[in-house]
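Two complexes follow with chain A in common, the first pairing it with chain B and the second with chain C.
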Partner chain A sequence: MSKPKLIYSIERQKARWGWIFVAPSLIFFSLFSFYPILTAFYTSLFKKRLLSLKPPDFIALGNYTYLLKSPDFWNSMRATIVFTLGTFIPILVFSLIFAIFISSRKRFQNFLQLAYYSPAVLSSVVAAVIWLLIFDPRGLGNQWLNFILHTPGVDHKWLANSVMVQLSTMLVYFWKYVGYFTIIFIVGLASIPQSIYEAAKIDGGNDWKNFWYITLPLLKPTTILVSIISMLQCLRTFSTQYLFNQGGAPLAPINVITLNIYHTAIRDHQIGRASAMSIILFIIMMLFTWIQFKTSRADEISY
Partner chain B sequence: MKKILIIMLFIMLLTLTIQAAADIEITFWTHEDPNRTEIEEKYIAEFEQANPGVTIKRVTSGSGQIQELVLTAFAANQGPDIFNMSIEDEYAYIVNERLSPVDFAACGYPSLQAIYDAYLPGVLDPVTYQGKLYGLPLELTNWCIYINKKIFREVGLDPDKDYPKTWEEMMEISDKIAIREGEILKRRGFDFRYPYYLVSWVPMVEQLGGKLISDDGKEAIINEEAWIKVLDYMKEWGPNGRNLGSPTYTNARKLFNMDNNDIAMCLSGLYQQGRIKADNPEFYESGEWMVAPFPVFENAVQEVPCAYYGHYYMVNRQKPAENQRIAWKFIAYMLSHPEEYLTKVNLIQPTLKLMESETYQSMPYSDVFRDDMAKGHIVYYGANSAKIQSLIKEAIEAVMLTDTPSKDALQNLKRKVQEVLEED
Partner chain C sequence: MQYRLAEKKNKYFLPSLLINIFIWFFLIMMAMFILMPTIFMFTASFMTANDILKMPYRWIPKDFYWKNYWQGIKGNDGSFIYVRNILNSLIVAVVVSISTVLFSALAGFGLAKYYFKGRNLVFMIIMGTMMIPFEAIMIPLYLVATRLGIQDSYLGLILPFLVNAFGIFLMRQFFITFPDEILDAARIDGASELMIFRTIILPNSVPAIATLAILTFKAQWDNLLWPLLIVQSEEMKTIPLYIVKFMAEKHTDEGAMMAVAAIASIPILLVFFKLSKYFLSGAALYSSRKG
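For the complex of A and B:
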């Protein structure tokens, strides 16, 4: 009778230590993430001006109904979805390709990893400023493209055309984050046991078949992780669009939700409405994450 | 021994507490201007010496960032004691009752009326709200056209006679001066100051009879025809039209000082002279630049030059009363040197005394600025003027940089500005 009690007590002890280790991050999350989310939801129910000292008016879901009727908000939804799809899919595909390329190299692996990863170290603001200079009509963007395409003197209007400016923001984000996700894929690739490839080789499998039937299925958890993180990052994009708009690019094509939140709060002083928008963005992010988790539940890998 | 030590410790703590209570730190947030920093740091040192126990902490930020910094600080009830911005950005602080009214006694005036009497008529109107005065002007600025004479002569134009008097001439002259490599502009004739549409672009609409807001303040965008004409002008100016300039090029005012054959004309205030002198003294001394009045459209129904705007020093109402008093005293001390601000920073503090002074009259091209200012009006200001300016920016960018027709951009602008008015 005493044996199970001992096990129970050891488990409890382990659990207690678990709680102790987890507590700092839980406190940190509650204080800096969960509390602001609750406050944002509470604020979203009021008509609140950022500078006003008067008590705000309670308008229940008024801010939400306003947003759902607002053409600007729907344009922001469009801009966010276009940017997210146009960025996270290429990031996912190319980071996998780059990871396989780097992993297959016998030399310069470390150098290539460092080279691909380096843009991720830069702050988003610095990256956007660098690219603003590149996209200047007299900048390197036009010079490079005209050299490659043999089209001297053509202005590709990187920031001065509604389609190009969207592509430009995607390009900056892709450049900045593809290296980061490449490293995650490299780690995922390294965790696949070599014995599986060796067995496949004995069975007559070639590189292409190995990729489709071994690498890709066994890499699924990493792929899911990369797709969720990159998608969430794309949904939260802000600084590139903000700085490009400050640099003279038209607002409407790149007015993503985060930029709209910023303008609504800081320029328009409508903190209640901005909070409602951030809650909607939060729900969208939660929904996409849930869908991705749901579709990947049955794909846990064990060797 | 123990007792003596305790008593000494107590006296020391008491002295420190009294000292801390006597010390006042005034935080002063302003935009970057190296020439102004030099003289204001000197004023701070002088003021601190004359007022023992007072420390002034001057913090500068980029002119594009200060609006956000001040706003977020005030939103968190942590605003500075003193700050200054352009009136379009400051007005919301007045109507939201975040400011301390001017303390005329601390400023050294016998009455509030004496302050109004010291300044040009009307310049304190934007900071007067419900009978109280909430700011004192650091500068009152209007913009005219700076011209690089060398570039004019290079293309066969006489800068003294051929400078652009109308917007139509501005387009033709800019086209003549422009150097392109294919579609890419290597040299521009003139380019606008793109983000500041209330100051420099709305007056163009007014020249053709348009108006931003009706006189009763209830209707937005009056005389749509005038607005469409000016939007069409911008469309023609941009990369999809005659390709004379665009908001995506480096701002004209910065390039002008360098005299690098990048741009022939830019729009700026009297303060630009101080900046040319600082950035490129050789060009400043060469006399190869001049200033011309703000152009008007050929078929203008009224002559409206660039609007003038003011930067006003303001004091945070949430600070202790003594801080507010010291803050106004310090502001008045800084503003008691208008001639130094004019000669060293090229900022006009619109006191009657300064405007009539020999120093002002002898400033190069001060007559051009003065004449334009006399014909103009102050920039549109209201609790939501910063938002309205952004909406105008959106409309202009839409016609210049996308395929949006002027009519559609205007309808969109009208709808949004109307919504802003109704929300107020």
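For the complex of A and C:
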């Protein structure tokens, strides 16, 4: 009866090593993810000021009710939602079009993929600095738009006008990330088996039908994935808006929620209120992640 | 896992000549739009401020105005602090990349190849941290950092990023396909588990390690929010913070600004062109993610 015992102990030893390998990461996450998010929730229930020596007052949901009544907070929600919708929908549509077009090319596929992806490599601070210069009243932005619209000499106020500055931030983000999502779509397209198209060809399908009845439905999981990732990324946007504001653009139209958290905590020293905003952002993103989880489960595709 | 460029075969449709021409036209126009700002940065970095904002913009600099680079590196106050800031960015990005790869590989290996009670729970917990956006925990982290007195130091810049859940996920997916027989053979030969990890697992996971290292390096090179919170002194600033400061200063001219941006971009662009397949496989990973 010694043999089963031996196997048992080897298994036990292996299990111990499994724990040892995982332990550093688990400890790290408890300290740097779970503990902070719990503290954020706890702090959001207090009126706490940065650098203040007196103990924070417990005000229960006071920070949340304050925020729900604050026009500044709702302006941030508006800015975030407008930015997210205005950015992720064009990204979704164009990255799908780019991916289909690039995949259909016989030559230069490699070059096109690298070219389209390249802005994603630049840092977002550099991207913002370049575009700030392009959006200068005497800059390239006005030159291009005037060329397209045939309106020589008009200043389109890319950074000064409250609608234009929102469009400008969206354009920067679109430019930077559209190539990234194009690559994801290209990989999704490549995973559709050729045999399906051959079968469709025998059945007499044409390109347009193939696209609507084969490519698009089979691409549904990739599409959901791209829309959720890009949406989450847009909700977290910070650098572009921060840099634009530093570069002289008005704050209110582009005061997205992350920027508001930063200002509330660092400039206004309202730690409790900033934490409440963080928790609201967290809940919104949880919601989206949950939707992604739900939909990706329901849409497993087998060929 | 390794990314392969999509098959060259024309698999979706065979467009007629007219449509073909239209697609080429569209793709080239968009490629020009996408490449233009980067090219603009490099050409403008060789021009005087007057030339940059002259209409129409001349895409080929008249004479190469190297003074912008000198001015960018020297800074408006002549302190050459940019050199130190670049070094800071390098130190932070390299240390974070190494530790992320190491800990992610360990945890990913543990989750992929060892059976222990609660393994699924551990996996769920680690995946759960992916749902916590950094923006939501930055304020508590900032308070902790100030309480520990590590603000304005390398430790403070590095500590919150030592491991990330996405890295663990990536490594686990990679190791799951690794044949158990090889590991068992090594055990029979008397190798310890750590030895197996070091001599078998690590050397055989170069593509996954390279992908993760590059993604992590890039993310740190790009990081603005956390340094903005905890760095106060000029000496501890990273590249993004230097750019923010340089832009806000009164005497900054546009040419020098573009030179500073170009200096920040050249290393990462070189890495990109040399190792583009790892960048692309980083993006491709998402679409191979299931459930």
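Going forward, the second predicted complex is superposed on the first by the 264 of 303 C-alpha atoms of A that agree within 3 Å, B and C clash if a C-alpha of one lies under 4 Å from a C-alpha of the other, contacts with A are read in each partner's own complex, and residues count from 1 in each chain.
Please note the rule applied: contacts are C-beta pairs under 8 Å (C-beta built on N, C-alpha and C of every residue); 3 or more make two chains touch, one makes a residue touch a chain.
Predicted, not measured: the structure shown is a model, and the values here were computed from it.
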Inset, instruction - Considering only the touch criterion stated at the top, classify A:V126 as touching first (chain B), second (chain C), both, or neither. - result: second
Inset, instruction - Mind working out whether A:A252 is in touch with chain B, chain C, both or neither, as first, second, both or neither? - result: first
Inset, instruction - Scan A:R138 for contacts with chain B and chain C and give back first, second, both or neither. - result: both
Inset, instruction - Report for A:L159: first if it touches chain B alone, second if chain C alone, otherwise both or neither. - result: first
Legend entry - Partner chain in contact with A:K106 - chain B first, chain C second, else both or neither: second
Inset, instruction - Look at A:I291 in the shared chain and tell me whether it touches chain B only, chain C only, both, or neither; answer first, second, both or neither. - result: neither
Inset, instruction - Name the chain, either chain B or chain C, that contacts more residues of chain A. - result: C
Inset, instruction - Could you say whether A:F32 touches chain B, chain C, both of them, or neither, answering first, second, both or neither? - result: second
Inset, instruction - Considering only touches as defined above, state whether A:P24 meets chain B (first), chain C (second), both or neither. - result: second
Inset, instruction - Answer with first, second, both or neither: which of chain B and chain C does A:H263 touch in the superposed model? - result: first
Inset, instruction - Could you give the residue numbers on chain A that contact chain B in one complex and chain C in the other? - result: 136, 138, 246-247, 266, 271
Legend entry - chain C to chain A touching residues, read off their complex: 3, 5-15, 23-24, 26-27, 30-31, 33-38, 40-41, 44, 52-57, 103-104, 106-107, 109-111, 113-117, 119, 122, 125-126, 129-144, 159-160, 162-163, 165, 168, 193, 197, 218, 221-222, 224-225, 228-229, 239-240, 243-244, 247-248, 254, 257-258, 261, 264-265, 268-269, 272-273, 276, 279-280, 283-284, 286-291
Legend entry - Touching residues (chain side chain A, partner chain B) in the complex: 49-53, 72, 135-138, 142, 152-155, 157-162, 165, 246-253, 263, 266-269, 271
Legend entry - Of all residues in chain B, those that touch chain A in their complex: 64, 68, 71-72, 74-75, 92-93, 96-98, 180-186, 194, 238-239, 246-250, 384, 386-387, 390, 393-394, 397-398, 400-403, 416
Inset, instruction - Within their complex, state which residues of chain A touch chain C. - result: 11, 14-22, 24-26, 28-29, 32-37, 39-40, 43, 98, 100-106, 109-110, 112-119, 121-127, 129-134, 136, 138-140, 143, 175, 178-181, 183-191, 194, 197, 207, 210-211, 215, 222, 225, 229, 232, 235-236, 238-239, 242-243, 246-247, 258, 261-262, 265-266, 271, 274-275, 278-279, 281-282, 285-286, 289, 296-297, 300
